[in-house]
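Have a look at these structures, which come just after this line.
In the two complexes that follow, subunit A is the common piece, with subunit B as its partner first and subunit C second.
What follows is the complex of A and B.
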């Protein structure tokens, strides 16, 4: 059977929808560079990337869950609770490594709890993780509120100081995590399976993919990664307080979606997609502050950006 | 009986539609090239062509779903432009898709009148009695056994389709397009649909009917347009043609000869007294199956025949442990003798489900991923890393063997024509060759050429030692391919027929059940 091959490259609506995001990214970057001479400096850009680093780690885990067609909105709480466990341990005089290990372990445990509730009690992931989001914060408060907050040890905060040239060590760490994430997502059987489930869960079942096993791994992974992101964050802020990692879930989901990870599942990339989404949001926060816009306007600008991204996502979905 | 079917919403009477020089190109594919077609009121036009010939695309143009790159549509010689399905609907075109577009949670009347109350004027308070009254008028003309107040979910597929036709008529349709409408209907429902189409035709509607079943064409159509590779390949009156000529027009002279020479019956195969591979004993399930007993032998095609609702699909789902069993055992012959089938069924089974879009495909993903995902681990090393070179070459080989019409394997599977999508689902299992392949209506939506490709493939698989469970609603397919046939009726086994007992009459006798 021969098919007449023809090429029709043209600037169509679908081209714009597909590449819209890159245009916006470029525009925002150019705009801030022109609007203020404090934006396009090595020190500002490298601290901007540093701010991205914990989000980068967080979004990597979350992207897996979203691409598989699910949600985990407990990630901020997971970071908070697991950090609390670790910090209380360290504050009580135990070794720092034990504190770090307990932090990560707590992340895994909460992720596992999410997964078990979703799988065995058949509670939708959104509701399950919403419950953990609310209840977990209470647990965290119980652990840290008495002290009114806990100072992070220098052994941890020094990590935020290391640099390789203008690049902070934590940015390199973020890139490594994201690279591994993207690699696993596209090059391994596991990653392919994640896409398959998010694309069509029924079809995935019919070819023998065990959805529950996958959910177990995905939510546990997301919990683990959230606690890892908490660790990266604490090295930067140096202090564990009651609103630690508050609201991360929605920021992180927005970043992923702006970067092209589909809310409907089955589509998206960590590199470059999610990374650009993260950078765009952080750049907006950073740039708007630099040009001296009232902080009350920031949420409006960022909210509009999220809205447009989600609109573009559903447009793409409708086209199919 | 033969009352005229009319609706007050119809504005004037449409005499003819003309499609002139329609062309449409998708990235990499010229789906339509200068296609011409003319239809007149009171005529049933059938469009035939191989999978990917452009039938659905042409109807999408007429239905306003897509816009052609060039060419024109003329209604009674007046040019019309359809920028959206809505435009086309307002000009009286109704498109009945294979997948019904009704709301299960609404009543029949609410569905039929949907465009009237919900779309035309969403803020007007709903006058239920008026809606029911108007709907009753239409149902009276078409199918009085359906009541306006019935919940849609309570109807059979055939009746739902009638509801969809009613909706078309109420919204003032004068042109009704059917795209493979009979694929999920029972024999009786099909007859009902043919009758209804006949009446619509005599009432002066333009009917366009797309199908791969020649017997349907000879039954209801007046004139046939043949498309091949996106171009007009012929126009014939049904009265002056036959299957051979149609096949030739569809496939081209050469391919048609190849088709006629292909031997695809089970007799072409060798070897009897094949050992048992799968033994099913006293199987009962939550879906109503009762005491099913049968044996599948090595290297055989076991046909599963029964009417719609007899438990065919349920049996396959139970074997795959999609629906839980309440009783009985399923054992498979392995190196360690007969053992219960493990929960991970894909170690032994490959499954081609009956509705490919919902249960078979990953529509966002390219052909490559759709094909390799069936046993993605077989392409991966111990760390789970996929070897993309072998993946690509194996996938390329199977899609070529199956003759999937594609631009390249990175094309999204959603952009393939219906028949080619089905081939991709089958291709998935050709890569891994499991012990048993379950095919649930595998040639649904396939053209005759592709059908014979699939038949040939089934034979090759069996030749390689694979057993096939073949469910089909096409009795000729069962007759043609099966070594033995398991007949189901009322979710029980009503007969197991050996090769020399398989005949149309016996199959029909057993499937109605002898209660």
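What follows is the complex of A and C.
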């Protein structure tokens, strides 16, 4: 007699590790929704997404680099220096469009500089971008800090006031950038090459992928996108100052990793992964303030979350 | 005036001249070294400029070294200033404990060390010869009290005041002292602090997101106690996004008490969006520090009974729409980008 096999659902460790993030996201969302009637409102969710917008843009470029198995920890500084160049230009009376163009060009130039140092001087990406992070801050201070900060022109800050229903224009822009990023990553040969390099650089080289050319494009892209994120942020805050984008790099890397972009390369998505990672961190900051928890506890909660995410990523990587 | 009086007057002038002669004589050859925490804040740049200006007025040579917020570098900077032969060192410390060996080295060479703006750790073994700083508890308290006068004028009952308290960087002792001053005033006046946010590293991002979240959590917030108007652009944007940025006298105005009077605060006070800010007296502290330096070089010593004292805590003036155009020593106006 054949006895039919009984399939009982099992909560295995690998299942938990794979879906841990989604579970946590859901739990946090439900918790804050129940804890305060101020959380689940159109106004709050709209402002929560607005807070995600510049990080969304920043993480898109950074995710490409991380998935390829590298690091770019200069993105905050790139945003600062490129915005400094742009804002000084505008403050000197030149057209806003010229300032915006110079901002983006500076981002591209610094990204390219990163790439050239990594490729031709064989300096590891981490060290190269760390150097640029430190040196670039000095350049930014030289341009901006000695003036005590620069007010953004009204034409730029007005951009932040446009809404499509409850959705701010910056949020729509972020979603567009992330959608393009995800499309390029998963539906193009370029994207597949990024995954291949991140998975195993030596093998990728063996099958004829031009690693240096890819690094050149990836770091330049990261610089360009960082300057774009700086622009999105300036439209919101309306002011360029000495601590502009300070620490963005580590927050952005954490957000990407929480969203499933592997620190070890070769894995990750921009949509929905990175977007949910960003939203989780911003939601925690938002929700903890709304429920009135002491601000001194916030870093502990968020730091613990980052630690657990990195642990989960490490476990996944070991298993794979 | 009789002959005797003339003689007496002449003798007095001569005596005074002789008494000041050593200072005048030595003045031209003096070199003063200033070790700054950094140039990342316009307030620090203003302080550095004032000290340089006052040294120049005395005919002294002025050398400055910038630590870029690095305590170890600052220690090296001071050692280098000593090696370059300075006669006195004025220091705005990154971390006073970390530069103790340099203070000791200066003293062993007979070089006086004067603290500027940032106080010395109470546990320090080699003390500054003089110090000019600002009482930051009083600074915050004064701003809040000034705001309370405006609330009274506008007939806003204390029980209706709902405060957002922006603490600033919790690693910075000044931020914590300012928080203490604000809380003291809020308690005295019976205001309710409905939300508190911190801004690590004086991050404007955190001011923006924190204030946005706080305003979402409690739309009744009608006053902000701000640790420094360096953070004002972030808070201002959060208020604007919630349609809460209105001038005083307009409906829905949120009262703002801040500190430091950066250029952005000068503008906002003039426009009526910010109500008051207590001056971080970079000018007054520089006057006192340089005066003490001059006297130390002339051989004077300071204690708690001398004038000035060895440790001098200054109180800043509260700036409002009434005095923002006229107040002297307003570095935020003098160093305003529009003036460049």
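By definition in this document, the second predicted complex is superposed on the first by the 310 of 320 C-alpha atoms of A that agree within 3 Å, B and C clash if a C-alpha of one lies under 4 Å from a C-alpha of the other, contacts with A are read in each partner's own complex, and residues count from 1 in each chain.
In the analysis below, a contact is a pair of C-beta atoms (placed from the backbone, for glycine too) under 8 Å apart; a residue touches a chain by one contact, two chains touch by 3 or more.
On a predicted model such as this, the values are computed, not experimentally measured, just so you know.
Using the contact criterion defined above for the overlaid structures, shared-chain residue A:188 touches subunit B, although it does not reach subunit C. Using the contact criterion defined above for the overlaid structures, shared-chain residue A:43 touches subunit C, although it does not reach subunit B. More residues of subunit A lie in contact with C than with the other chain of the pair subunit B and subunit C. After overlaying the two complexes on the shared chain, residue contacts for A:246 are found with subunit C alone; subunit B is out of touch.
Look at A:91: by the touch rule set out above, it reaches subunit C but stays clear of subunit B.
Applying the stated contact rule after C-alpha superposition, one finds that A:236 touches subunit C and leaves subunit B untouched. Contact with subunit C, but none with subunit B, is seen for A:292 once the two complexes are overlaid on the shared chain. Shared-chain residue A:149: touches subunit C; no touch with subunit B.
On subunit A, the surface touched by subunit B in one complex and the surface touched by subunit C in the other have no residue in common. On the side of subunit A, the complex with subunit C involves touching residues 36, 38, 41, 43-44, 47, 50-51, 91, 138, 141, 145-151, 233, 236-239, 241-248, 282, 285-286, 289-292, 294-296, 298-299.
On the subunit B side of its complex with subunit A, the touching residues are 25, 27-30, 33, 229, 320, 322, 344-346, 351, 353, 358-365, 369, 372-374, 376-377, 379-380, 383-386, 388, 403, 405-407, 414, 428. Residue ranges of subunit C in contact with subunit A, taken from their complex: 39-42, 45, 68, 167, 170, 195-198, 200-205, 208-210, 212-214, 216-218, 230, 233-234, 236-237, 241, 262-264, 332, 335-337, 340.
Remark: subunit A residues 1-8, 187-190, 192-193, 195-196, 199-200, 202-208, 210, 266-267, 320 touch subunit B in the complex.
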